Structures are given as structure tokens and as C-alpha cells.
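Each chain gets a letter, A, B, C and D, in the order it is written, and its residues are counted from 1.
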Amino acid sequence: MSDPAFQPLVWLILLPLGWSTLAFALGPGRGAWTAIAGLATQLWLAFMLAVKVGAGGTAHAGPDSPMGTAVTHQVGGWGAPLGIDLAVDGLSAAMLLLTQSVALPLAVYARSYFKTGDPAGVWFWPLMGFLIAGLNALFVSADLFNIYVTLELVGLAAVALVAAGGGAQQVAAALRYLFATLVGSGAYLLGVALLYGTYGTVSIATLMPLVSADAPRLVWIAGGLMVAGLMLKTALFPFHFWLPPAHGGAPAPVSALLSALVVKASFYLILRLWLGPLQALLPAFAWLLAALGAAAIFWGSWQAIHAVKLKRLIAYSTVAQLGYLFLIFPLLTHPAALKAGVMQIFAHGLAKAGMFAAAGVMIKATGQDTVAGLAGTVERLPVTLFAFGLAGMTLMGLPPSSGFLAKWQIIEAALAQGHWIIAVVALAGGLLAAVYVFRVLRQAFLLAPEGAMAGGVAAVPRALEWSAFALAAASVVLGLRGVELMQLLGAGA
Amino acid sequence: MTTNELLPLAVLASSLLPGLVIFTLPESWIAVRTTLNLFGAVAKLGLVFLLLAGVHAGGSYGVRFEVLPGLDLALKADALGMLFITLSAILWLFTTLYAIGYLEGAPHRSRFFGFFSLCVTATMGIAMAANLFTFFVFYELLTLSTFPLVVHRGTDKAMKGGTIYLAYTLIGGTALLTGIVWLHHLIGHTEFAHGGIASALGGEYAGQLKIIFLLLIAGVGVKAALVPLHGWLPQAMVAPAPVSALLHAVAVVKAGAFGIVRIVYEVYGVEFAQSLNLLLPLAIIAAVTIVWGSFRALFQDDLKKRLAFSTVSQVSYIALGVALFGPIGTIGGLVHLVHQGIMKITLFFCAGNYAETLGIHKVSEMDGAGRRMPLTTLAFSIGALGMMGAPLTAGAVSKAWLMDGATAAGMDWAIWVLWTSSLLNAAYFLPILWRAWFRPVPAAWPEEHIPQRGLRETAWLLLLPPLLTAAMTLATALFADAAITPLAWARLIAAREYVGLETP
Amino acid sequence: MTGGLLFALTGVVLFAMGVAGVVLIGHLLRRILAFNLMGSGAFLVLVGLAQRNDVPDPVPQAMVLTGIVVAVAATALALALARKLHALTGHLELPEDADE
Amino acid sequence: MKRMVVIAVAAVFAMVLGGAMLDLPLGAIDLRIPVAANLGESGVSHPVTAVLLNYRGYDTLLEIAVLLLALLAILAVLGETRAATPRAAHPVLQTLVRLATPLMIVVAVYLLWAGAFRPGGAFQAGAVLAAAAVLLHLVGLSPGWNTPRLKLRMGLAAGFAVFLAVAAALLPQGALLRYPPEAAGALILLIESALTLSLALILAGLFLLLSRDEEAP
């Protein structure tokens, strides 16, 4: 990679910005192919980057940075604190990889989903482009204020996608979502302001050595504000109120993007702060977050078990699955915990994207969005139902699936540190997930009531069924070989 | 990759690949599907015999993949595993034949045979698992792949049965997982090994190890239908007959029983388990299950339900044999693993025949069935007598070894348990035989689907499998002391398990 | 008490008021204004706290310029949504989320 | 009840935070020094512009993306609707606006040019131009917008596109947005001018797209 122009981490930002602008210029409903081509290239770039990090990462082990930054880039050549630094370590490389590998199949999916001049799809491509660009920029940024801008980029794009072409319910959901994410990033921004006021810099690397446990009270408040704001954006119980209507109401490809990637971005940021500049402070909140996570698991599952609408069910399952992520905070002193967390991010990202995609197919086919209406679909949509089942396996944490590996690691980390309760919660959560997943599968296996399917199910494009299947299958296959991913995280650790 | 690594994989693939292909086949491609099914079953059988020969010759077959750093998905073909593999491979061939006949013209056959093959693949994986992690992976796969078979008919009743089955097995799986992770945390690995691995831990861990043992046994006990974890088995009766046969003889309950064997012998090690006083409680649970199952069977009028409770009772013979400290008991338990399978599958084939041919589902409807379907009823009688442990049947062999084992272990009460069970077995099987052979033929059968044509009392594909398995029931007993019989093989295993003690 | 610090303190008060407003106010327009109040508060803190010794610091000022633009964008989107909602329902209040 | 609680919490929060501010030592790092020190190579003489377009130019790049995104979002949210038929305002007003518009354009150009060495720059210039457009619409001299046609879309995207292109084109220099000191001034002016145009259009669009007849509820 001697060529200075070949910088995967930079192109991962420029490319989506470029193709979304192009898609905008091309006009309403255009740009599917630019998007797919762009995303394919990005996937390759993310892969190259991961390889690079995995190789170089081990060399850059630094005591101050638990994950040893492997690849950095100084925008404008100034270098922090004057300029803005981009940095990619194992964690961010993994997030980039996940983002591109979820986005590509979803783009293929969306292309057939929005084919029929659906008003929701008119500006989908440029919006998706900005969303992906924002996510990538967020994952590589090493500057707290710059991260604020990327957060807004992601947030606004997500809200627009939810509202696009929707009815009153959808617009209302989008507004709730908008206020939640704006207040969230507002709190984060105030935190950044306080940090800058205290230390005179917003560069993560520069802050790292400055912040210590005996920092002034203001810094503690700043940390609290930032984490609280991000919790709101991550929809951690009890801040989840905005998620089910938004994710449940949006068109399937959008719900998939949001559930799989967007909520993960703010979680990644909490993790980043935790392992990074606020290392000295945040552990004070560890058990609080874990408790909320546990509450999220139970509350979300409970709601999912009782949801009437299929996509509501899946959205609540997201609330529950996000809970698992927060269980790792008290365990983070043990390396397995971070690995469990990232494995869970991948598992849920792939599986939930697949599940929403599958749900979209079922809804298109049966023409309605209730669990009860699924009776007999197994005969009409075997591939889709298989996809749903595979995704369900991952969410339940049954082997062989990435969800299972995540569960295994979190339980082992919990036992290793004698935190029984966390293991118990994780196991209970798996069983609850089984209840709502099989609630759907059972319904689908039931014989169709006479006449219910008389109208027959609408024919669905193959691309829809198979892209959903690909995502779900990926979440299972990862469960057969998680070694490389885990080593990538270990890069520099 | 060497042959020794490929062979186990090939055994899995021989049912996995056909299964996956079958999923994609259109409903109408009957010939292709049937060919694939039989090809898979026969190919598997061939591969298994290759393995068998190799293992008998002392060769070691195995392969492992790293799933996570320090966590391997590992397969190995050892003597104990081969016992189970061979049984499943043979019975799978028969069940496939039977199912093809049974489901003729039924809907969703591609789906059915797809999951059917996955289910057998999972069973093979369980048998060849080289560590608890791998065992668990396939154990849960088995749960998932059997659910669609249980609810295959898609009726509300089927759903209810399927849901109960899931509830039991998933909760059991959770207990098992907890135990496995805990063990993995303590020891750092969960590889199966002769003499066990738990003994490596110091005495201070005794308490934890006891809890883990409880979790593990509870986990596999669900599938093995140990009282009080047996509730799902009678409910799962809603499944089509071939599935019941599979559940009861080849896959599910066997997987549970096999798990108990692995855990006692190769995780804890029988001596160490004895030293922790874990065997006696296990033996007592097994005994209770044996008696309770037989007792409940007495009052079932539904034929398949009666057979189900009989399974509950019979499978625990295996657990009992394992729990009887000493090589003789071990041999009894292991040999029963095979014998029970052969006998029970015969009974379910026959039950299926009665239902398919004459619409007979209840014991009270069996009057004169023997005159109408002599061959089926003959097979049924052999199976039933075997269950009672009548002479010249496989049942007699295993019971004899179990009783000797009990005496050798100084647990004479176990002998009484076995006798009681035999009497109860007689009490609930003999009336059936009596009705079938000696009661007059009723005016009309409940609903006759398949008319008689000379000797052909029902479809050949339905008739042959039970006759063959019935023949095997006798053969395993008559030639018990031949070179290659379940008994001989069980002795080989026992010899390898109890390195110290001399074996009969 | 320097000028910068005074700005920062005012910012804190504005931020608090803004958040309270977003949480409490039902009417969408006023809610959007409350959000802007909140944003301005954060900006004041960013600039004020950084120059609490009353020596101007260009970096936070540039950041605030960026922040303002972002806030404008967010406000525009919020207004568009509010307007759409009004067009669809005739109200400027969020309807109860029809959960099932 | 909820009201009281929220207000109380907010008040307490404000007090605690304010209190924490009062006794705060000065920051360990003072960026004023490096900002001033590197002004020479930054290509502009006004520190804020230097931070905005050079030191932290990347922020600005994303900021423009956010603005473009907002316009896009509004298009996506509102969907297809008819443009407002402008209601002619009082002739005096119209004349005033006719007079004001050229002046505003001049002011905008000045602001753009001034940005290099004193407060001003693309955003301010664009804002003034947008204001002019809004005024023209309000007095009924120009209609609201429908879904923009190709030309307009080009104009809207141009500023961001140029910025992005320059950023990428500078990669061979070793880093994103790394202006060679000698060319920095020119490049920044190029970006600024393109941005002024697009920002004007976008800001105007934010208003002109929203001021449309609502379809009946």
C-alpha cells in the first residue's frame, strides 16, 4: 500500500459520500446501481483494512490504548490536537466490516423492494449513502467533536428514512425518534464542550493521558452527559420508547438498517469512551448499565412475546438484544467480555437485518403485518421462513450460530469473575427469545385457515427472499468460525 | 486432509447434503427425492462399516476445527460412538424405507425428508462428538431439526405437542449449556477421555462438580426422558409414525441416554463419579423411571401412548446399567442401547401399520388384528416379548447382563426393580397380543385404507421394515456370542473403559 | 467571574431549560424552539468555558459555526416533519403511539 | 406532577453543573498557539476561517453533507406537492425587494471575499443570498419549489461535490484535505465560492420547499 492515495479508511468515507451525492444528482428513484457498486467496493476496502489492522495491530500494543491503534490518518496533515485524526483499531475495523457486509445485501434487497415506484423509495439511495457515510466516519473518527457531526449525519439520515413516504403514524414515529436523537446528541455535545473547556482539546488520543480518576467534578458530569446521551440514542431501557414505533413502522429495508447498524453506532461510541478517554471514570457506572441491560432484556422480550404486529415483535426483540450488549460492562476487565460484546454486535446485526428483511417479504406476500396472519406461509415462502428461522437461532443463541458464541463467551466471562447473575440473565434471555421466535415459526407452520389464503400470496421477487436468506445464513456461519474476528479484536490488545 | 479425518466428515455429509438438496426439490419430484434418500442412507451405511472396521482394527478417526480461540468443534469415531452410529445408520435406512411408504401421497414430503436427514446428521454428530461443546452443538441441532417433524401435520394438536417438546428440550439445553460452560471454565477444555477429565481437579472442587453433574444430567435427562423430565415424550406422539420411531429408537431419547453414558464415563470417569457418590442417586432415578414408566403404560388405551411410556421405562435401563458400578452393568446398559432401539422401532413400525392399514389407534380396537395382519402382528409380538425380556430375544440378553451387573455391584434391589418392570411389561403387552391373536375379527375396522391382497396384508414398504427389525431382535439374541454383535462390541468398550479391572 | 464564564453559566441554564422544554412541551413548534434553546446553550458553554480567561479561542468558535449549521439542518427537518404531520392529521401534537 | 419533577431536576442539574464550573483550573492544552503558529501555511489570515476550512476542514466537509442531507430529507418527507402560488404583496414592498436584491448580492460577494482575513465566509454569504431569495418569494416575485429538476439538483450538490473532489484530489499530498501551502489560498477560495452558491440554494430550498400548499388532511 505504498501509494498514498490508497487509504482504505479515507475512501470508506469519501466513497459513500460520493455515490450518494451522485444518486441525488441523478434524481428521484435513481442510483440503485451506483449504491450497489459503491457498497461492493467498500466491502472490499473494509476487508483490506481489517487485514491490515489484523497484521499491523499486534505491533502497536499500547498500555494507554487497550486495543492498540493500528492504522491512523491525520486529516490535513496537522495531527491532533490542532487537526482531526482518524484511527482504526481492531474494534473499529470490525464495525466497518459489519457495516459494509450488512449494507450490501440490504441494498440488493431494497432494490427489488422499492422497485414498484413506492414513495418511500424515491430518495432512498442518497439517504442510505449518507447514513453509511456517517457510520463509517463515526467508526474511524478519533475526535470527539467530529464524532458529534457524524452522529448528527447518521441521526438525520435515519429519521428521514423512517419518515419517507409514510403516513401519520410513521411521521409521528419519526418525530419521536428525531427528538430523542437530537436530545441525545445535544447531551453528548454539552459533554464535549465541558471536556474542551477543561482540557482544551477534543482529540481522544490527547485526552487519554489527561483524564484521571481525580479529575475535576466537571469531567465526571461531562462523562455522565455523554454516556446518557448515547444511551438515549442506543434505546437502552428505559430510553427505548422511541425505537419500537420507528423500527416497527419504517419500510423493511430501513428497519433492517436501523436495527442492525444505527443503534450499534452509539453503543460503539460508549464502548470507545469506556476503553478510551473516560477509562478512569466510567467503571463507576458499570453495574447501572448492566442492570438497565438486564431490564431491557426482560422488558423487550415480554413486549415481543405479546406484540400483535410482526415488525413490532422484531423491533421489541431489538430492544431486548441491545440489553445483552450492556451486560458486558461490569466484565470488561476480562478480555473475553469485549469479544463477547462484539460477537453479539455481529450476531444481532446480521440476524436482525435478515429477520427484518424476511418479515418484509412475508408482509409483501400476505399483504398484512400481523403475526396471526402468517398461518400457512411455510408452504408459500419456505426460503423466507428458513431465513427467519436461522436468524431466530442466532437471536436465541442456539448453536451453531454467532449468537451462541456470544452467549458462550459472556457466560464464561461472567463465571470467570464470579458474576453469576449476569450468566443467569443471559441464559434466561435466550429462553425468552425462543418464546417469541417460535411464536412466529409455529404460526407459520400452522395449516392456513380455509379461505384465508384463497387470494393466494402475492409473488415475491427471488432477490428479496435470497438476500434475506444470505444475511441470516451469514449470522449462523459466523458461528462456525469466529476465530479471525476475535483475533482482529485482539489486534494490539 | 487424511482419510482418517475425512471419513467422519463423510459420514455427516452422507445425510446432510442429500437433506439440503431435498429441501430445494419440488414436491412432485418423487423419484429424485426417493433416490437421494436411499442413496444417502446406503452410502452412510457403507461409510459406517468402513469406520467400524477401522475402529475395530484400533485405528483412530477424528477431525477438529477451531471455532473460537481455545474452543474446538471436534469429531472422533471411538468404540462407544460407533455403537450408536451403527445403530442409527442401520435403523435410519429402515425408517427411510418405511417413511417413503408411510408418506406416500402426503403433502410437504420435501420438507419432511429434508429435516429427517438433518435430524440423522445431528444424531451422527452427537455420536462422534469428541468434546462436550461439540456434543451440545449437535444436541441442540437435533432439537431444532426434530421440531418441524413433530409439528409436521400442522394441526393445533401437533402444535401443542411440538411446543411442549420445545419447552422441555430448550430448558434442558440451557441447563446443559450452563454445566458445560462451567466445566470449561474450571478445566479449560471439555474433551471426552477414557477415565474422565474431571478427576484432574482437586478435591476442593467436589461441591461444584456435583452441581455441574446435576446440571449436565438434567440437561441430557430431558431427552432421555428420566422421570420427572419425561413429560414431553407422550405428548410428542402426535408426530407421524416414522418420526415417533425416529424419536424413540434412533435419535432423540437415544441421544439423551448416550449423553449420560459419555458424561459418566468420559467426562467424570466412572471411578471418580463413584468416589463423588454420584452413581447411586443416578441409579435410583433410573429405577424410579423404569417402574413409573411401566406403571403408567398400563393405563394407556392409545397404542402409541402406551409404547411411549414403555420407552420412558426402557431407556432408563441404559441409565441404570451405567449407574451400576462395574464392567458387567456397563455392558448391560450399552447393549440395551442397541437392543431397545431395535425392539422399539419394530413396535412403532407395527403401530404405524395398524393405523395406516386399518385405522387402529387404540388398544381396544386391536381385536382380531392378528388374523387380518398376521405378519405385522408377528413382528409386533416379537418386539413385545423382547421388551418383556422373554428368552431368545434381545431383551433377554440385556436384562441378563444388567441383573448380573447389579449383583456384581452389590445392588440387589436393582434386580427387583428389573423384575417388577418385566412383570409390568408383560401386564401391558400381553393383553394386546391376546386381543390381536385370539379375539374375533370385528364386523368392520375403524377405517380400512389398504385392502388385503393375498399375503400382502399392507404396502410392502410398510411391511418389510418391521419384519427385518423383528428378525434382528431374534438374531442379536441367538448369535449373541458371535464376533460382531452389539454384545461383543459392548464388551470391547467396557474393556477399554475399565482399564484396571478384568472384564468378562 | 469573567465574561466567558458568565456566558458558560448562561449556556448551562439555557440547556437545562431547553431539555425541560423538549420533555414537557406537547406543541411541536414550541418543542422545536426548545430544542434550539438547548443547542444554543451547549454552544454558549463551548465558547464561553473555553475563553473563561477572556482570551478569544478560534477553535471552539469554528466548532460552534459547524454546530449551528447542523442545528439549522435538524430544525429544518423537524419543521418539515411537523408540517407533514399537520397536513396528515390537522394537529401539531404527537398522537399517542398506536401500539397494537 | 411530572412537570414539577422535570423542572426540579433541570434546575438541580443547572446548579450542580454551574457550581462545578466556578472552580475550574485552566486547560492543559492551549490551541491558540498552534493555530496562530500555522496561520502562515493555512492559506488564510483569519484564524476562525483557518480552523473552519483548513485545520478542521473535515468537520466542515461533513457539516455541508449534513445540510445537503437535510434538504434531501425534506424532499423525502414532503413527497410530491404543488408549489405555492405566490401571493403578490404590496407594490411598495415589491419595489423595495427589487432594490434590495442586487445590494444583497454585492454584500454576499464581499462577505465571501472578506472571509479570508476577517469574520465572514461562504456560510454568511450563502445565508445573505438565501435571504434574498426568500424575500423575493415572500413578496410574490418568485414561486416556491417543487421537486428540483436536474439543473437545480446540480447546483445544490455542486458545493459539496467540489469540496469532496478537492479533498480527495489532495490525498496524494499524503492526507485528506492537505493543502499545499502555496495553493491553499486559491483552493480554499474555490471551495468557498462553490459552497456559497450551493449553501444559498440549499438554505433557500429549506424554506421554499416548506412553504408549499398543504394537501388537505
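Quick note on the criterion: a residue touches a chain if its C-beta (ideal position, glycine included) is under 8 Å from a C-beta of that chain, and two chains touch if they have at least 3 such contacts.
Nothing here was measured: the structure is a model prediction, and the numbers come from that model.
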| item | value |
| --- | --- |
| Pair joined by the larger number of C-beta contacts - C-D, A-B | C-D |
| Farthest chain relative to chain C (centres taken as mean CA coordinates) | B |
| Chain occupying the middle, per Cα centroid | A |
| Whole-Å gap between the CA centroids of chain C and chain D | 17 |
| Between chain A and chain B, centroid-to-centroid distance (C-alpha), Å | 43 |
| Cα-centroid distance, chain B relative to chain C, in whole angstrom | 68 |
| Inter-centroid spacing, chain D versus chain B (mean Cα positions, whole Å) | 73 |
| Set of chain D residues in contact with two or more other chains | 17, 21, 24, 27, 31, 35, 55-56, 59, 63, 66, 69-70, 73, 77 |
| Residues of chain C engaged with two or more neighbouring chains | 8, 15, 19, 49-50, 52, 59, 63, 66, 70, 73-74, 77, 81, 84, 88-89 |
| In chain A, residues with contacts to at least two other chains | 145, 149, 152, 156, 159-160, 163, 171, 174, 194, 196-198, 200 |
| Every chain pair meeting the contact rule | A-B, A-C, A-D, C-D |
| Contacting residues of chain C [partner chain D, same complex] | 5, 8-9, 12-13, 15-17, 19-20, 23-24, 49-50, 52-53, 55, 57-59, 61-63, 65-66, 69-70, 72-74, 76-77, 79-81, 83-84, 86-90 |
| Residue ranges of chain A touching chain D (in the complex, touch as defined) | 4-5, 7, 10, 14, 17-18, 21, 24-25, 27-28, 73-78, 81-84, 119, 122-124, 126-127, 130, 133-134, 137, 145-146, 149-150, 152-153, 156-157, 159-161, 163-165, 171, 174, 194, 196-201, 206, 210, 216-218, 221 |
| In the complex, chain A residues that touch chain C | 145, 148-149, 152, 156, 159-160, 163, 167-169, 171-176, 178-179, 182-183, 186-187, 189-190, 192-194, 196-198, 200, 244-245, 307-309, 312 |
| Residues of chain D defined as touching chain A within the complex | 16-17, 20-21, 23-25, 27-31, 34-35, 38, 54-59, 62-63, 65-66, 68-70, 72-73, 75-77, 79-80, 147, 150, 153-154, 156-157, 160-161, 164, 167-168, 171-179 |
| Interface residues, chain A side, partner chain B - complex | 378-379, 382, 386, 389, 393, 398-400, 404-405, 407-409, 411-412, 415-416, 423, 427, 430-431, 434, 438, 442, 445-447, 479-483, 486-487 |
